[in-house]
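Look at the two complexes coming up: subunit A is in both, with subunit B in one and subunit C in the other.
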Partner chain A sequence: MPKWFNPAAILCGLMFVVSPVLIARAPDESAMGMVYKIYYYHMPSAWMFLLAPLVCGFSSALFLMRGRAEDDRRAWAAAELTVLFGALTLLTGPLWARRAWGTWWVWDARLTSSLVGWMIGWAYLILRRYGGPGSDKLAAGVALFGAVNVPFIYISVNYWRTIHPPTTVVPRLPVSMGLPLWFCVFAFLLLFVLLMTMRLRLEHARTRLDALYVALDE
Partner chain B sequence: MTTGAVPRLPSTPFARTVWMVLRKDLTVEMRSGEIAYTTLFFAVSCVLIFAFALVKEGRAPDGGAAGILWIAILFASTLALGRTFERERQAETLRALLLAPVPRPAIYVGKLLGIIALLAAAEVVLLPLVDFLFTARLFAHPAWLIGIVVTCTIGLAAVGTLFAAMLVRTRSRDMLLPVLLYPVVVPVIIAGVQGTSALLQPAFDVAVVRFWLLLLVTFDVVFVVLALWTFEAVMSD
Partner chain C sequence: MLRLTSRGRSSDRPIRWTNAARAACVAVVLLCGATAPGRLAAQGQAPQPQDEFVPVGNNPAPEQIPAAPLLIGAYIVVLGGLFFYVLSLSRRLGAVDEDVQRLEGELKRRGRG
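Moving on to the complex of A and B:
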């Protein structure tokens, strides 16, 4: 592991310990009271859910152009994070929606495109798991379509009539709400980087082990 | 020696390759009719099953026709895509195509046009059938209907052709094609369903139909450009 990993992991753990305190001390929202506070975890996980397919798509494009294994490994790790943060987003969102909108789920543009993005992440992983030899390049092709979906998810709330809050909400938040939110964003970003590093490290070790087995056989 | 019977080929290598791949696919299909007939039969069966299940006492559910039309086309396209490339795999003709000194994107465009032609043939039968069984008045605005159907079919076929070609050397290709294809084409199908639904409304709103049509055109441009670039890269082995 790199030298910075352990201090960063401790910092990340501390941030997640402190974050509930900051969230609890943030003022209640006028219409929903305390329940809106799921937003402090929902929005950062949703941002990571947008970041992961972009990393996956960009790494896949590099892999298709240069053919380097580390690009492929990064894409694979990012696809797993797409599924992980997608699950967090799609779990925390309905908890908020039940109180805010009176329903767990609506088929509007933001929710539908998010679900599609999550499904593309799953499709990538299924292809890697069951596609057999050569599935790395095929999965890279799928990842590009997953990345293209990201801008669509982001702008969907501004172009369609939807009950999901638009992208203009965050800049308008008062400091008392914005501070815990950005704290959580950095905590999730750090978690994202740590998980990515761990996953890359694992895959690198696996590749080296495979190479050693091959060398031993020869 | 006469050259009258020889068709004139397009002048550029790209267009010539597209034409030859398309003509090859259409000639094989004209002689066997295998994919066209099976796809059409499957799509018609889908529509009939939906009609049996949903049409009660001659009344179809509101807004159901558009969804059923595009579900039938989506399912039928999966069948056609899988079978088209299975044929290439069995005869090793895809390898021959890829070994040929021609632009790879031209091979993709040729296959794409072949799939679009097959789906168009199925749609020529499906549209009147859905119109009749679901009393949907699909042909009230024919120009808009053609626009929606053409753009949605191109979007569906653009991704489908790429994925089916990618998976041709994969062992679980029949299982993986719908797994990969459906999540990616869901936005196209949603736009197709919404655009077709807008055509069926008693109060026809041209702005709504135009919006969905423009969205479909956007999807087509993005998907075709992405697929053209990806095809070259993923078929390089």
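Moving on to the complex of A and C:
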């Protein structure tokens, strides 16, 4: 692991310990009450869920153009984080919606496109696991679709009729609500970087292992 | 040159364009007419999205569905999910590192032999 990994991991752990304190001190929302505070973990998870497919798609595009294994490894790591943060987003969202909207799920543009993005992440991983030889390039093609879906997820709440809050909510937050939110966003961003580093380290170790098996066979 | 009238007799193309343009216009009008009532009905029924979050004042909002279990559930889902992913990643990493060390040792032994 790089030298900065352990200090960053400690800092990230501290941020996750402090975040519930900040969230508890933040005021309730006037219409939704206390359940609004799910937002402080839901939205950062959702942003990481948007970031991961972009990293995966960009790395896959580089892999298709240059054919470098490093790009492929980064794409694979990001695909796994797409599935992780997608699951967190798609699980915490309904818990919030149950109280705020009176229903667990609606098939609107935001929720449906998010589900599609999550399934594209799964498709990538399943293809890598069971696709056999050549699946790396097929999966890279799938990853491009996942990345293209990201802007659609983001703008969907502004262009289509939905009961999901639009993107304009964040800049309009008062300081008492915005401060804990941005704190959580940075905590999740740091966690994302740490998890990517760990996952890439795993891929490097696997590559090394494959090379050792080949060396032993020769 | 393409002409959008059927008056020209020099070729059949202008007539075909006119028919196609008419058909397209009729299709667009029919499509708009068919979907308009549904859209209007949906606009009348759909709840409005909340475009601004406002902190609660002195009077707390009335709670119809208990929020605490949902809130606690959401935080357990996130923290639990992250914990189990980190645990899974550490285990996979540990297992692969162990195999790498074992194979490196074996390779060294063979090199000596």
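Quick note on the criterion: the second predicted complex is superposed on the first by the 218 of 218 C-alpha atoms of A that agree within 3 Å, B and C clash if a C-alpha of one lies under 4 Å from a C-alpha of the other, contacts with A are read in each partner's own complex, and residues count from 1 in each chain.
Note that a residue touches a chain if its C-beta (ideal position, glycine included) is under 8 Å from a C-beta of that chain, and two chains touch if they have at least 3 such contacts.
Since this is a predicted model, take the numbers as computed values, not measurements.
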item: Touched partner set for A:W76, first subunit B, second subunit C, both or neither; value: neither
item: Which partner reaches more residues of subunit A (counting touched residues only), subunit B or subunit C; value: C
item: Touching partner for A:F152 - first (subunit B), second (subunit C), both, neither; value: first
item: First, second, both or neither for A:A31, with subunit B first and subunit C second; value: second
item: Contacts of A:W47 with subunit B and subunit C, given as first, second, both or neither; value: neither
item: Partner chain(s) touched by A:A87 [first = subunit B, second = subunit C, both, neither]; value: second
item: Subunit B-touching residues of subunit A, taken from the complex the two chains share; value: 64-65, 112-113, 116, 119-120, 122-123, 126-127, 130-132, 134-135, 137-138, 140-142, 144-146, 148-149, 152
item: Touch list for subunit C against partner subunit A, complex; value: 42-43, 46-57, 60-63, 65, 67-68, 70-71, 73-75, 77-79, 81-82, 85-86, 89-90, 92-93, 96-97, 99-100, 103-104, 106-107, 110
item: Complex interface listing, subunit B residues touching subunit A; value: 159, 162-163, 166-167, 169-172, 175-176, 179-180, 182-184, 186-187, 190, 222-223, 226, 230, 233-234, 236-237
item: Residue ranges of subunit A touching subunit C (in the complex, touch as defined); value: 16, 20, 27-39, 41-42, 45, 84, 87-88, 91-92, 95-96, 98-99, 101-102, 157, 161-166, 168-169, 172-174, 176-177, 191, 195, 198-199, 201-202, 205-206, 208-209, 212-213, 215-216
